[in-house]
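Read through the structures below before going on.
Same chain, two partners: subunit A is paired with subunit B first, then with subunit C.
This part shows the complex of A and B:
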């Protein structure tokens, strides 16, 4: 197993399904799929001035996971640390219209939403593995 | 009817407490007219939320001691109406937070407890105000040091702890605040973070905090009991504590659980006044 680590900075947005799915997918990668290889960066803390988060994003490759075309996670990383190594925009995997749907609570999610989150989690893992293989 | 807020949660993705902040915000939004401010998008596009943040009372929900949501509110110059810290609430409710962001039964229970507190506070607050008979005329002894004047109430019923927090007792009810020594040492008080109504507090346990540009002062409760009211005026105008911490700047009210024992570790005016003078001489000497 590689000692190299990859940061994942995810939209933790309110208001839209894309934010909820980004959060779910990143959580799954962090807790289950790539727990040793991935460090998640807390976006609210990162933007608020978290030195450790920003420093990590300067030194390690980072994948941004955004829920919609606003790309808050990617933009923040570029602004405060560095270019992202790779990025995922859920509205490109699914559709912008679907990602902006007003479903934010975990209690409202249906099986199809969890399947979408799994798909995003797999995509994050694919990119993590690609970076680690370089 | 439930209280309606503009809710600013931390939404952290690092700790379970961030997930609980999101959960509480969603409960408030789903069960009333509260609306959520996304802490990330607000930084990027503040015009999206400016109207909401000023039209409704602002509830800030921080997950941990980093207080990202509070910092954001300060940065945007927002007036905070109420603040909740999930980690503190967990401690008060004896709930140990796990590491997973997937909330377990206890963590969901905590979210529900916080939600219910937030939506019933107003009723408790009003009830407590109706039954507390605070004296209209307070007599003060004054100690002067250079240009500074330090007042201490001499009325019977006032007690003080070594942490410079006062308590006024009527029957099994208490009103609590900080002394002149605290407010003058802190200088301009800018924030008040209240403890939650309904919380059980032990003597000498933290019960909220006040903050100036100089420091944060943890309010160490002089008595044990249940918090029944918070002075909402100082949430909106913490400067009232500087104006008079004994009258309009009082902090909270409690129902006492063991004052006979608590009293043994408190000062009355006669024994507190020399303590105050010594502290003033040391601090402002």
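This part shows the complex of A and C:
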């Protein structure tokens, strides 16, 4: 594994739009924007005791991406591995009220939601680049 | 009169309890199976059985927050996991949920060998068809569970 890698842990929350956007943005970064530099960690597996995931988070810098103020991804990383190198809370970029909307299925997403996910993906990339430049 | 009020209150509480079956996916981000688990559950809770089921954020549940634990503890739950790690089933059980049925997308996919369901980002048309079929199957099971629980009241 290259030394130049950053882990991204997304909340994927099932109850609100913020979870859906976090997930979409993280996938976009992993698949298209920074495919060689970014590894995504499966949060449920990470929390359920996935050794590989926790080990990675101990060894490599991690960015948490949370859909709402509960910041579950960030708190889980701190609890089970290490401090996060950086974090993104979508309710700070948009608004908590908007992020708690119950539009969660991919079927119900509109163009505006994809634009929001793109905005989050750009923010993740900005933080990844900053970390890699250190 | 007092007894009648108490009875009505208890009945209402019981009906609320019965109407709140929790259906919880893993939403694993790495593979298509996680997305299928997620979309299947959302189809059940937001479309097919909107009034009798709801989902809970798994990530919130496993942080151990009281507020999240309260949503599943002692409730009938159905879990839908993408892979054999069974993160949802294990976490819900740990939080005190009564898991009546554990589903795995990989088992469902055995009936659709060779089909490209999509990726962890988006599903293909075939992927959506499998999700809809799977959601119907889970909904039928939930209706059975509700009927059974009502018989045992």
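Rule of thumb we're sticking to: the second predicted complex is superposed on the first by the 131 of 134 C-alpha atoms of A that agree within 3 Å, B and C clash if a C-alpha of one lies under 4 Å from a C-alpha of the other, contacts with A are read in each partner's own complex, and residues count from 1 in each chain.
Just so it is clear, contacts are C-beta pairs under 8 Å (C-beta built on N, C-alpha and C of every residue); 3 or more make two chains touch, one makes a residue touch a chain.
Being a predicted model, the structure only gives us computed values, none of them experimental.
Subunit B and subunit C, once both complexes are superposed via subunit A, clash. In the superposition on chain A, contact is made by A:48 with both subunit B and subunit C. In the superposed model, A:10 makes contact with both subunit B and subunit C. In the superposed model, A:102 lies in contact with subunit C only, and not with subunit B. Using the contact criterion defined above for the overlaid structures, shared-chain residue A:23 touches subunit B and also reaches subunit C.
Common to the subunit B and subunit C contact sets on subunit A are residues 10-15, 19, 23, 26-27, 31, 40, 42-45, 47-48, 50, 70, 72-73, 75-76, 104-107. Residues 10-15, 19, 23, 26-27, 30-31, 40-45, 47-50, 70, 72-73, 75-76, 104-107 of subunit A are the ones touching subunit B in the complex.
Contacts from subunit B toward subunit A in the complex involve residues 9-15, 18, 22-23, 25-26, 30, 36-41, 43-45, 66, 68-69, 71-72, 100-102.
On subunit A, the positions that touch subunit C within their shared complex are 10-16, 19, 23-24, 26-28, 31, 40, 42-45, 47-48, 50, 70, 72-73, 75-76, 79, 102, 104-107. Put simply, subunit C touches subunit A in their complex at residues 24-30, 34-35, 38-39, 41-43, 46, 55-60, 62-63, 65, 85, 87-88, 90-91, 119-123, 128.
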